[in-house]
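Note that chain A is present in both complexes that follow, paired respectively with chain B and with chain C.
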Partner chain A sequence: MLTLQPYLTLAAIVFGIGVMGIIINRKNIIILLMCTELLLLAVNFNFIAFSYFNQDITGQIFVFFILTVAAAEAAIGLAILVVLYRNKNSIDVQKLQTLRE
Partner chain B sequence: MYELSLIALITPLIVGLLAGFVGSRINKSFTHWMTTLGIFISFAISCWILIEIFLNPGLLLNQNIYEWMSIAGFNFKAGILVDNLTASMMVVVTFISLMVHIYSIGYMRDDPGYHRFFCYISLFTFAMLLLVISNNLLQLFFGWEGVGLMSYLLIGFWYKKESAIKANFKAFIINRVGDMGLILGIAVIFSVIGSLDYQMIFDSSTELVNTKITIINDYSVSGITLACLLLFIGAMGKSAQMPLHVWLPDSMEGPTPISALIHAATMVTAGVYMVARMSPLFELSSMALSVVLIVGATTAICSGLLGIVQFDIKRIIAYSTISQLGYMIVAAGVSAYSASIFHLMTHAFFKSLLFLAAGSVIIALHHEQDIRKMGGLRQYMPITYIAALIGSLSLIGFPGFAGFFSKDALIEAVAHSSNLGSEFAYYCVLIGVVITALYTFRFLFVVFHGDSRYKGDNQIKESSWVILIPLILLSIPSIIIAWPTLGILVFGDFFSNSIQQMSSYELFGYKYQSPLNFLIHAFSGPVIYLSLIGIITAWVCYIKMPHFPEKISNKFAIIYKVLVNKYYFDYFYEKVVAKNTTKLGLVFWNFGDIKIIDDFLVNGTAIRIQKLSTISKKLQSGYIYHYALMMVIGLSLFLAWIIIN
Partner chain C sequence: MSFIEIIFYVFASILVLTSLGVILFKNPVYSAISLIVSFITSAALWLLLQAEFLAIVLILVYVGAVMVLFLFVVMMLNIDDVMRTSKFNKMAPFALFIGLIVVAELITLIWFRSDQFSMVPVSTGVLDSGVSNTVLLGTTLFTDYLYLFEIAGFILLLAIIVSISLTMRRREGLKRQIVSEQVNIDQTKRMKLVDLKNERN
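Let's look at the complex of A and B:
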């Protein structure tokens, strides 16, 4: 029987990869979106783990909601990405600097 | 009576506002009929109240309308006090105002600011009524500033004329000096007694006497003297006493009806009224009374002298007004407040009559004001001439006229007084009588007698009836008003519930029997003969030998120069006071305003923020991943902080 520890470790690793992906990635916005998904997955992982070990079903119900929202978010994100590409002819993260001034 | 006095007070306000805001959209006749009717209502009610008070001696209305504010246990209330003094003042104010309203219909007929004018004079009437009707010092101050504001607006009524703008500015600033004295006086009273209500102040005036107020180190003065002197500075500003008189002659830049209403009959007498109202306080300070006496006497004689050398028809009368105000102040200074108020009333009638007659001349000569260009107008304008003659006779105190009784009673009181400075004042007012007669008849002779020197079209016409009716209506009280009222107002105890003074015998040293007796008694005094000397001098100088005055002025060139330059008061104020004040202001402006406030505080803050932000701007790269990194770092730190704690 596994303990809670390995699950949390795995979730932390996935979360770390997601965060690093966002920070280090300088090229592609799609990767940014994927990393966001990773973050959500890591959180889901924690929810499921805690839900199971605490014998509380609420956590798993929450995961369903998060998955739904994540799907919707991915769809909207990709749509935005398409529009962005049409406007700028590029999806390079380093060229998106208009927030500056 | 409470409701009635409220209506009398409020009606001028309402019609004034209506004339100002609505009148110009309707038409001229709406404006003047409505305002005149409003003032007439006010006048009728004032008369009613006066009659009621006269028939029921001791009737008094002292009621608070509402509480204005209440701070730390001090209550400031708005209220009305209608006693004999207030009722008499109300009748005088509304009567003169009514006459001026009617007169203005003719005088201002072609003026583009017609509605504005009627709005202002109605609002002025309201402010003046508010001043006389109030039962506390705060409300008096409010009315005081209200009349000051209206006077300012009306002096600068022709706002395109540069001299008018300068004059109203001057009037405003000099009145500020006086008002500062007034408000300090009110502050002294308030700090000692803790109330501004007249009744409370008079009831606890002993507190003021017993309080010593330290001015510099060891030098202290009793609260009553300080309060009275400061209040009197306020009166000096408003009633144009030397050395704060310089604004009044300049205020003649305004339309003539205004000179009659505000700068002769009502507003300038506010100071005299205030001194009379505060008589229970002034009675307690002999030092303040002496100052009042000396200032008044100096003003009476010095400004009268200036009237002799002026050539502007309105300025002559303006200096005469200052001189007569000096007489009133002198009367207050010898504690004869009733004589002071009585002279105020008769003066209101005959001086506004003189001003309106002068206005009639001015309008007939198409706004010519130089008396050297007039002359011989008697044959063209007989009614105006008679009105001016009646006003002049009343002014110089010709036996039987209103001015005679008031002035003679006043001089009688000065002669009988034993206050410090009363001898000086007595000689001043006696010489003043000669001077008054001299400049008044100079004005009369030069303008109405002799040959016509007016170089315009020779069709000088008598003014229209709307101008003449007020002249006639004002002539009547200028002649007869004193006959029925002298015994009651001056020698009776009519004012006993509003003015505190000694019995008439102690004051005047004369046992009053009847006006006729008073008239006969006056022939044993010097006043009548002195004014006769003045008239004869004027006749010799300006009719018999017209070149004689020139010879005299050449002979005494220095004195003449001093007089023409008005004792260099204007010169002194302009070159010394105003110049140095401007310099001081420039220092404050250049250093305080520009250097500290603008450069250091306002712009300085902006510049410092800009410098700071050029540094912090570098954090703002615009790259999403930088922001994400910041977020992560921040979050981690935050988490760490929570965990450690």
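Let's look at the complex of A and C:
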């Protein structure tokens, strides 16, 4: 019988991989957005697991809203990315330092 | 080890491997495909947790729309600009350090401080009551969370407006239809009478 801990551990590992990806990646904003999706997936995993083990539908409602917001975030992020590429001809994270100068 | 556990551990290892693939592949197309596989794998794991509707929604919305959008954008950009030159940079040890700390803290909390949680499903639960998952989700969503549902719809509308207004551009020198001038035209502007000299030879 599977208990709650393996599910939470799996979500924690996926979350850690997402955090590592955000720090490791200094070259490409697309990978950055994908790592954000990984983080949200890990959070959703926790909600679903708690929803099942507490037998409460509210967790799944939350996942529903998180999916909505994540879809909106991905659409807006990619739109910003396209505009950025059009203006700078590059999506390198390290070249985005206009505000620093 | 029961059948459910075998399924869980197989899918969990696939999920971890493909998540590592997302951050380690050089080519962002491979990263996106790896992320697609991890979404499908976690949808399968959500089926084990009786979240059938959300598992299907994850595949339909995420794999069907969001990841296709990602791939579309990746392929629209120049591939030389988006390829990573080296697999590891100087931040890699630091990233590994931070990631291991995060995972270690979370796992410590989960395995040693989890007395409050029920470790096995509550016996008389709402998910086991025989009502289908979609009906249950819809009933709760449209009664208790109706306002939040409407706000979610508004957020989607906002995303549409923002992404269209960000990416729309007017190029110079484009011959496009100007409706106001077409409507306001009158007879005198349509036709111009020119007197020509008789050109009789």
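Methods note: the second predicted complex is superposed on the first by the 99 of 101 C-alpha atoms of A that agree within 3 Å, B and C clash if a C-alpha of one lies under 4 Å from a C-alpha of the other, contacts with A are read in each partner's own complex, and residues count from 1 in each chain.
Methods note: contacts are C-beta pairs under 8 Å (C-beta built on N, C-alpha and C of every residue); 3 or more make two chains touch, one makes a residue touch a chain.
A quick note: this is a predicted structure, and the numbers were derived from the prediction, not measured.
Asker: Tell me the contact category for A:T98 with respect to chain B and chain C: first, second, both or neither.
Answerer: first
Asker: Under the stated touch criterion, name the partner, chain B or chain C, that contacts more residues in chain A.
Answerer: Touching more of chain A: C.
Asker: Let me test your reading of the model: by the given contact rule, A:I23 touches which partner, first (chain B), second (chain C), both or neither?
Answerer: The answer is both, since A:I23 touches chain B and chain C.
Asker: Who does A:L32 touch here: chain B (first), chain C (second), both, or neither?
Answerer: first
Asker: Tell me which partner A:L2 touches in the superposition: chain B (first), chain C (second), both or neither.
Answerer: second
Asker: In the superposed view, which residues of chain A touch chain B and also chain C?
Answerer: 19, 23-26
Asker: What part of chain C is in contact with chain A in the complex they form?
Answerer: Per the stated touch rule, the residues are 2, 4-5, 8, 12, 15-16, 19-20, 22-23, 28, 31-32, 35, 38-39, 42, 45-46, 48-51, 53-54, 57-58, 61-62, 65-66, 69-70, 73-74, 76-77, 81-82, 84-85, 88-89, 91-92, 94-96, 98-100, 102-103, 106-107, 110-111, 114, 117-122, 124-128, 133, 136-137, 140-141, 145, 148, 152, 155-156, 158-160, 162-163, 166-167, 169.
Asker: What residues on chain A touch chain B, complex-wise?
Answerer: That would be residues 19, 22-26, 32, 93-94, 96-101 of chain A.
Asker: List the residues on chain B that touch chain A in their complex, please.
Answerer: 620-625, 627-629, 632
Asker: Using the touch rule from the top, collect the residues of chain A that touch chain C in their complex.
Answerer: Interface residues on chain A, with respect to chain C: 1-10, 12-21, 23-28, 30-31, 33-35, 37-38, 41, 44-45, 48-58, 60-61, 63-65, 67-76, 78-83, 85-86, 89-92.
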